[in-house]
């Protein structure tokens, strides 16, 4: 089974801008790329998951680097970014939009591009899609349960959440770090995620996530020409530092393992649903 | 030989044709790539001729004899009959029609074209975007049946449409992952994302079918799952 | 011997229509009937008992070309019924979205009529004119897309104002688009006027389609309820207007009268009432007035952008109470009028629409009468019906 989908290359990378690294997840690839895009007229608006109250993410059209930085960091709960696709073009007047999303959101965007039935004059303005690795997501109260009940942290106090080394991590503004084994978080996952077989956002221009790279770095798939171009410019301009991806067990190996785990597990789930006569996303 | 295309308007607002004309500078090229043999709004032909493709926008007024004649005619004369846009494909705003209005109080029953005659393709949306209409025309010209399959299925299923489809077919079926594309595509802004799920306002839904068509969890056509443009 | 000529269906206009012409031996039309054969979808009865918010969404779908004007008139009628004042910036954006619609609709009409005035052998000119029209429409539709949310059926026109303001980026984008439009509108006006003058000269009927009926107009760029004497407005069934039973039972429009007579609405009426445009001339004057109105629209749109505060409030939450109101908007084609009766439960009690074009249905007949039947459709089209 093909774990990653089509891609041209994969690297480990991180942003060089300390402002970004301070606020962002891992290597800060999404924030750095969007800021670079906005500052160099490659993008004029980006759809991101902003921090709302109590760590509740809200989709936002960001048009300045400051807004991108404000929104930096992964939120392990559903944030309907694609719902803003049209607003970005309409009242925001953007022509070159960057979209970041989970694999399913990238799939959704791709379907919109191919079949833009209800998206008049919108999809031609999507300039860049960045996908983030995703095993599954949590509904807001699922995430809340994990943070508050399993980790014992108050949501108001949370400054960052993370998944790594088999654990769900919570960092509070009081400097505390709390964690829980990922296994224990499974009951709080969004069930709809179990029909998805895409771990690495196989249809994005660029896909990124922490898995496969050392702490503070991100693994980055460059899948399309567009994606390659912007990353190359960033590297050349010193906005990103890179190193070859570790091809061993703790690099590409673990990434491959997780990608295949998601596929195998969820293909089984899809088959199971079919046996029960339940609908699954039809792929013909 | 160029593909002959006819556009026929039944009970509709003409918005689907305007949508096609909103291809702006490309319109001339599009009209140049086909042979538009009938389009009452844009050209002088007064009789619907035989055509490779007949695009029909609007619902069928069952209480109007003339309309019923046209419906028979388009099926007979069109090799490929396309129900273009919500009214023709799935009912759309005409689902709310109930008659009693002057000066034709007896005209009360409007049905989607797909419910009255066999259509080959049905395109939801109020209106479908210019880009989508061009994609469909191009796919028809190139015989790209794979691209057209979702529309063929819509035509076949003769399904009505409603924002409730999101509830029944996606949320209730444990398929909604909260991407929000339904909300973005809704032409009346009837959909808000609350707690990561669509909340459809029944006050604003016009039953155009766009939200559920756009949903990748109801149908994910194969062509979508290929990375192109590299 | 008089004869009857049927032109069915009439072409190059929205909707379905037919012309029935009683013609004298000298080809001159003695009596004209312009019959609208579009089935009645019944937007008025559709709305009764439904929530008021549904009204603008629904009535926009009367016409896919001038949806915006129905949305505006509908909201205005309901706001009038409940005494709802919309914020200044909402009011500005609403006028702007209406103008955007006019700036696409008028050129679209130039497209529909182009073949009346451009000769078949003038292929290059035709392509150039179509390109120019499409450039202009693109700007008009951009305004409706950005301000209204959708170029066709803009959902941002809501009871209480406009759903959202626009960003600085969007405002700048519209400004530059309007600058282009300004230039193109001049080109269009010159080209179109020339074509029409040539046409009239060649057919040798300088007053083609003239009539003696009065005009109706409430405003140049928006709509003003106070400018109309409502006691003088009636809408009568065709059974009362037409003596011929067959005609009366076949048409789908009611007949609106102002002061007991048919009145002409639209570009010429507006420019004559609020400017010094020639009255009583050829119906082709309406085409020229239409091209001229594109200029007024673009200037006013630029002024609105200057006045607009992008951080200003655009909408208030409507508070429903029992009442009835009138909403007026100067649609591309004429004065669009909606009457709404609303209950305190926020539901529509009754609804009535005098869609812009309906004013001109009886006028088209008058304008065709007295001129050779060969020109009947050209006259009808001048009304962009």
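A, B and C are the chain letters, set down in written order, and residue numbers restart from 1 in every chain.
Here is the rule we use: a residue touches a chain if its C-beta (ideal position, glycine included) is under 8 Å from a C-beta of that chain, and two chains touch if they have at least 3 such contacts.
Given the structure is predicted, the values throughout are model-derived calculations rather than measurements.
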Min distance from chain CA centroid to global CA centroid: chain B
Per mean C-alpha coordinates, the chain lying farthest from subunit B is A
CA centroids of subunit A and subunit B: separation to the nearest Å works out as 34
Cα centroid separation, subunit B vs subunit C, in Å, comes to 26
Between subunit A and subunit C, the Cα-mean centres are separated in Å by 48
Multi-chain touching residues of subunit A, meaning two or more other chains, are 86-87, 120-121
The positions of subunit C in contact with two or more other chains are 149-152, 156
Subunit B residues touching 2+ other chains are 19, 22, 187
Listed in rising order, the residues of subunit B that touch subunit A in the complex are 19, 22, 123-125, 128-132, 135, 147, 149-150, 169, 173-181, 183-187, 193, 195-196, 208, 210-211, 213-214, 216-225, 227, 229-230
So, in the complex, the side of subunit C touching subunit A is made of residues 145-147, 149-152, 156, 164-167, 169-174
Subunit C partner, complex, touching residues on subunit A are 44-45, 63, 86-87, 89-94, 120-121
Per the touch rule above, subunit B residues touching subunit C in the complex are 9, 11-19, 21-22, 24-25, 27-28, 40-46, 59, 61, 63-64, 66-67, 92-94, 96-104, 107-108, 110, 126-127, 187-189, 203-204, 206
Listed in rising order, subunit C residues that touch subunit B in their complex are 8-9, 11-16, 37-46, 50-51, 53-54, 57-58, 61-65, 67, 108, 111-112, 115, 127, 130-131, 134-135, 137-138, 141, 149-153, 155-156, 163, 237-239, 251-254
